[in-house]
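Pasting the structures in now, so scroll down.
Shared between the two complexes below is chain A, which pairs with chain B and chain C, respectively.
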Partner chain A sequence: MTELVGRSVARVDGRAKVTGAARYAADQPVPGALQAFFVLSTVARGEVVSIDASAALAHPGVVAVLTHRDLPRLTVPAFPYFRRFLPMQDTAVHHVGQPVAIVLATTVEQAQEGAALVAVGYRAAQPRVVIEDAREPSYLPPPFRNLPNEIRRGDAETALAGAEVRLEARYSSATRHHNPIEPHTTTAQWDGDRLTLHESAQGVLATRTVVSAAFGLPPEAVRVVAPYLGGGFGAKGPVWPHTVLTAAAARVLRRPVRLVLSRAQMYTLTGHRAEYRQHLRIGATRTGELTSIIETSTAQLSATEESVFNRSDSTVELYACPNLHVRYEGVRLDVATSSYMRSPETTSHFGLETALDELSWQLGIDPLELRRRNHAEFDQETGERLTGKHLLDCYALAADRFGWAARLPRTGATKDGDEYVGWGMATETHTFNAMPSTASVTVGVDGKALAQLATQDIGTGTYTVISQIVADALGVPITDVQAQIGDSALPPAGMSVASATIASISGSVDQAARAARAAVVDLAVADPSSALFGAAASEVETSNGHLVHVRDRQRRDTYRAVVGRAGRPVQRTATVLNKAGHSYGVVFVEARVHARLGSVRVTRVVTAHDIGRVMNRRTARGQVLGGVTWGIGHALMEHTVFDRNIGRVVNPNLSTYLVPVNADAPPVVETLFVDKPDPASTAMGARGFGETPITGVPAAIGNAIYHATGRRVRDLPITQDKLL
Partner chain B sequence: MAEHTRRTVLKSAAVTAGGAALAARAPAAAGAAAVSIQPAQTAEITLSVNGRRRAVSVETRVTLLDALRERLGLTGTKKGCDRGECGACTVLVDGERVKSCLTLAVMRQGSEITTVEGLADGDRLHPVQEAFIRHDAFQCGGCTPGQIMSAVACIEEGHTGSDEEIRQWMSGNLCRCACYQNIVAAVADAAGEVRR
Partner chain C sequence: MKPFGYTAVRDTGEAVRLASRTPDAAFVAGGTDLLNLMKDGVARPGHLIDVNGLDLAEVTETPAGLRIGGLARMRAVAGHAAVRRGWPVLAEALLASASPQVRNMASIGGNLLQRTRCGYFRDTGSPCNKRVPGSGCPAVEGWNRGHAVLGGSDACIATHPSDLAVALLALDAVVRVRGTAGERKVPIGDFYLRPGATPHVENVLRPAELITAVEVPRSATARRSRYLKLRDRATFEFAVVSVAAAVDLRGRRVRDVRLAFGGIGTTPWRSPEAEAALRGNDLTAESVARAGRALVRDAEPRHDNEFKVELVQRALAELLEELR
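Showing the complex of A and B:
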């Protein structure tokens, strides 16, 4: 039987998703549940001085209006809960859009209407919400999760002063919001001191940790269920206040409570990519070898949380450069706390890859050649050789397919009708994390396999890859495999964040399945009623649900018969911890800029990626397609606008916060993979990948725009007005 | 607070405390004179969904989307924005694609409504559903019911003459996972099949 791992296998959850049968968190029927809707603060800084709920309570169907006076005192949880305060514990207001009351009603409409009827009085002070308006200068925050906010290598200042060529530039990007299609939702149901949550969560166990800590309960008292997720992109990785507050409301009222955030509420309650500025100074030789990089970035922090989420890993370690000084600074502002948004490293990577393009023009060296000359063969921190890195192969593959050799090294050289045509490229890279994972695989008396672990499928294909792995390891058809995930009661696995899922779980699933296979083979050879009785276990092959003697193929049995005769299921578990690492790649784009309107279209994209072993061609390609279009949104359209006077988001919706639509996506995207297993990976040679294929896209587009027009835009998004 | 604001009437997605008494210079969100509409009247209506007539009791302000999801238990249709911007809630009403969050249930009596649950013929998937699986035209699936309903109508409308035409006519349905190229391929493929 041909292996399924590595092939283009259709998603096993496809049928459920195209028929509407897949039940997402808000689709789960919970009899008797009250509907909740938040009243959010309308001021950014100050305190609540009065709450009048009488009109809301008079509204038909409204059951209760809860405020800080009604909720139990809760413990502010630790990672992955950010913000460092819980709303509705006192009167303090730290940002616009902070929950100040919860309205509970029989129907969604009544709760929403009731929320509009609650009158809240505030004492408020003038807020500061954008970096430009900051009250105090930027500063170096303390390390976040033990990661230093200042990194030095060699002597960067001296090397820069002595460099043959120098480049200095400032890059920036606006606040962005994740906007998964499914709004965040929580349904909380208490049974005494036990809580069940139907939650839109990228981490069922992380949610359990946070919520149990908030209520001072043992983790086992909380069960979090999330079989399907309508997109997360990091927004559903951290646990946010609404989850804890919904559970608190359900505890107070002794009834199940369901909350679905409105789209607008997602702009202040569920994190965002922080407004960002980056000052880069680069020293190089006349032949383009980097000798020094000095980078200071400034991120928007909130009034209560000073963690920096967008780190410059690529500045630090993508290219060979002996001298480096990187500082992550921040400024405190009266905004909601930011967090991780798909590919946090994209934020700084835009500056780095744009600067290299600028350097290439300055030196008259082809931008791809410049990157080759700075290729890092060794880990820049430890000096160890980077085995299993195939970035140079990516460059060669994609450049060839794109036809990069035909690029004209002049700006404004190609015009097609009303549009200037330009080509741009950028290296892609992102870190991936690895978390301990335990998987259980059971072969039932019907011969069917069940894989279980508390991981998640956020759309990246987890169900499918698990099923492929188990089918291969056992030697059964994929239709005989079921994956059960998204439930904190299952064997423990990590969050689906930081490109970690496949890199973390694959090894444990494979090993558990192999152990289950071995156990079934052992049963067969020890069973006098099996045709395989007395054979050596090593002489038994498994394929398509059958167990076959390798030399005497007439001697055969089936999983179903062997386990059926044994009379009870065979279950094995395995635990594996992989190592974190990097994935690599390159993106080439063709962009067209309208000569009079300044509008930009991305018309052709070629990528090549080195992600270790490709587990499923189809889902891996899906990550690239999504990543490229995310990169287009990041480069050309997405930006959250604040009213600097009152601190509100003025475009908290999908008609004025523009995300790419179908017609914005490039019609042609070619996705190439090196597909060489990473020898260092315990995930069957696979590496984490989902975030890598955005990283280079914004710079590649900006570089193509420069090639097309000679206009360099260093502030994202590159909206039409900047090109007029 | 006794007075209603415009927000009471406009079912606002951004519910803020309307007309909050602000001590600072931040202006109140809505200062318009009070207009009051009593929203909570209940109507007994019959909706014809996926070929079945279903009696349902709804307040007059209830959208078709919430009637389907919250009253009839048809949760295949998704709510992404509740204000006509994302397309996740797309259903067919008398064969035409409609954003069910932008129409009231009481307005759709006597219409034939089709949701994603009603497309397959027993175990046999609709060609558009098949094509979505074949072309990997979804990831998380959050937009997928809306995309599929929109695609069925797009084909019926005859807006599948070229990939470019499909790109334009499927642009009312956002996919944040951004499976757009695969959606175009699936729609083009299914269009060929439906016409055969």
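Showing the complex of A and C:
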């Protein structure tokens, strides 16, 4: 049987999703649940001085209005809860859109109207919500999760001063919001001291950790269920206040409670990519070898949390450069806490890859050639040789397919009708994480296989890849495999964040399935009623649900018959911890800029990626298509706007926070893969990938615009007014 | 959402009578704007009068021109063969609006009465003179990239978002409305009001008046008319600036011209000055530039929308070049 792993296998959950059979968190029927709606602070800084709920309580259907006075005092761990404060524990207001009361009613509409009828009085102070208006200068915050906020290598200042060529530039990007299509939702149901949460979560176990700690319960007392997610993009990785507050409301009222955040509420309650500025100084030789990189970035921090989430791993590690100084600074603002957003490293990578393009023009060296000359063979921090890195292959593959060799090294050189045509490129890279994962695989008496582990499918294809791995390892059709995930009661496995899912879980699923296969083969060869009785286990092949003797193919049995005769299922588990690492790639972009109107279209994209073994071509390509589209949004339109006077988000909805639509997606996207298993990976040679294929897109677009027009835009998004 | 009553009516007279008798009533057609506003708490009607059952959805070509029922759907008008032939700017403006799904639902009357997309207006947590008279206008000193550079006041600088209205303005259309006192006709140029000190009053409709039809005269300019809409993404987005141009050319000589603009004015914006700069002259780069300058002579850009002054002139030049 041909292996399924590595092929283009259609999503096993696709039909359930498009027919509506898939039940998302808020679709789970919970009889008797009250519907909750938050009252959010309308001011950004100050204090709640009064709450009058009488009109709300008089509204039909409203059962209760809870405030800080009604909720128990709760304690939340710093990670993965990112705010360092829990709303509704006191009267302090740290940002606009902070919950100050919860209205509970029979229907959502009643709860929402009730919330509109709660009158809240504030003592408010003038907020500062954008970096430009910060009260205090930026500073170096303390290390975040043991990661230093200042990194030095060699002597960067001296090397820069002595460099043959120098480049200095400032880049910035606006605040962005994740905007998964499924809003965050929590349904909390208590049974004594046991809690069940139906949650839209990228980490069922992480959610359990935070929520159980909040109520002083052992982790096992809390069960978190999240079978499907309508996207997460990092917004559902951390645990946010609404989850804990909904559970608290259910505990106070002794009734199940359901909360679904509105789109607008997601702009202040579930994290965002922080507003960001970057100052880069680069030294190089005349032939383009980097000799020094000095980068200081400034990110928006909140009043309660000083973690920096937009780290510059690519500045530190992507290119060979002996001297480096990177500082992650921040400024405190009266804005909600930011967090990780798909490919956090994109933010700084835009500056790095734009700067290299600028350097290439300054030196008259082709931008691809400049990157080749600085290719890192060794880990820049440890000096170890980077085995299994095939970035140079990516360059060759994609450049060839794109036709990069025909690039004219002049700006404004190509015009097609009313548009200037430009080509740009950028290297892509992102770190991926790996978390310990246990998987259990059971072969039932019906011969069907069930894989179980507490990971999640956030839309990326986890169900499908698990099914492929099990089908291959057992030798059964994929239709005989079921994956059960998204439930904290299952064997503990990795979160679906930081490109970690496949890298974390694949090894344990494969090993558990192989162990189950071996156990079934052992049963067969020891079973006098099997045609395989007496054979050596090593002589038995499994394929398409059959167990077959390799030399005497008439001697055969089936999973169903063997396990059926044994009378009880065969179950095996395995635990694997993979190593974190990097994935690599390159993106080439053709962009067209209207000569008179400045509007930009991305018309052709070619990518090549080195992600170790490609587990599923189709879902991997899906990540690239999504990444390219996301990168177009990042480069050309996405932008959360804060009003600097009143501190509110002005565009908290999908009609004014623009994301790309189909017509913005390039007609041609070619996605190539090196597809060489990484020997260092315990995930069947696979590496994490979800975040890599965005990272270079914004810079590649900006570089193509420069090639087209000679205009360099260093502040994202590049809206058409910047190109007039 | 505020609880509301609901009546579906079958007859125009009944619709108007019911509206005049019921406090807090609103007509609902496609609901594509009104329901959003209700969910966001921006509109809080106590009673909805569903007018979708009224016999007002037809699009007919008459000797005088075009008659579009107030309940005709955007899709039906955009796809109508006579419209595409005789009034192409209308079809183009409609096709450049919203999405196919919205256009299937949305009516012509509802389109003309849609509310501004100003973010403060649609956020009940913000002050806004249009939503709560006297509460202030944060846009004047705040985020105003999408706002008007013409026709504003200190009280409000919001743009009217309808693309259709811009096209109708270039076509000298007339809006037919029916109230308790019978029917009347309002030229589209008189239909919308500038904000002045009362930005919550956006048009000349009286309480309980229903838009029954829009009439568009036949003309040589209408036949040679086009719409150009510039926006921050390729589709499904309101105009940053838009231009509707209708010209009657004899050779290069402009015999007659209508120019209307979206995204730059507090109402759909007609510029007689820009038209005058072209009428009777050859259509040249110079005359077009003169028209553009005349258009923006009184522009009052704010912090974030200065670029519109330049962009709208370029958009005008671009469109007139295509019409030449």
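Operating definition for what follows: the second predicted complex is superposed on the first by the 724 of 724 C-alpha atoms of A that agree within 3 Å, B and C clash if a C-alpha of one lies under 4 Å from a C-alpha of the other, contacts with A are read in each partner's own complex, and residues count from 1 in each chain.
The rule is simple: a contact is a pair of C-beta atoms (placed from the backbone, for glycine too) under 8 Å apart; a residue touches a chain by one contact, two chains touch by 3 or more.
Worth saying up front: this structure is predicted, and the values here are computed from it rather than measured.
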Partner chain(s) touched by A:19 [first = chain B, second = chain C, both, neither]: first
Partner chain in contact with A:109 - chain B first, chain C second, else both or neither: both
Which superposed partner A:233 touches (first chain B, second chain C, both, neither): first
First (chain B), second (chain C), both or neither touched by A:37: first
Touched partner set for A:29, first chain B, second chain C, both or neither: first
Which superposed partner A:328 touches (first chain B, second chain C, both, neither): neither
Touching partner for A:658 - first (chain B), second (chain C), both, neither: second
Partner chain(s) touched by A:646 [first = chain B, second = chain C, both, neither]: both
Winner by number of chain A residues touched, once chain B and chain C are compared: B
Which superposed partner A:60 touches (first chain B, second chain C, both, neither): both
Intersection of chain A interface sets (partners chain B, chain C): 40, 42, 60, 109, 112-113, 116, 264, 645-646, 652-653, 655, 660-663
Parts of chain A lying in touch with chain B, wherever the complex brings them together: 10-11, 13-24, 26-27, 29, 37-40, 42-43, 46, 49-50, 52, 55, 59-61, 100, 107-110, 112-113, 115-126, 179-183, 228-233, 260, 262-265, 458-461, 618-619, 621-622, 625-626, 628-630, 645-647, 652-655, 659-663, 665-667, 669
Residue numbers on chain C that touch chain A, as the complex places them: 1-3, 40-41, 117, 119-120, 122-127, 138, 141-143, 146, 230, 232-237, 240, 307, 310-311, 314-315, 317-318
Chain B residues within the chain A interface of the complex: 1-2, 4-5, 7-8, 11-27, 29, 39-40, 59, 61-62, 66, 69-70, 73-83, 85-86, 88, 115-117, 119-120, 125, 129, 132-134, 136, 138-145, 148, 163-164, 166-168, 170-184
Residue ranges of chain A touching chain C (in the complex, touch as defined): 40, 42, 60, 96, 109, 112-113, 116, 264, 596-599, 601, 636-637, 641-646, 648, 650-653, 655-656, 658, 660-664, 719-721, 724
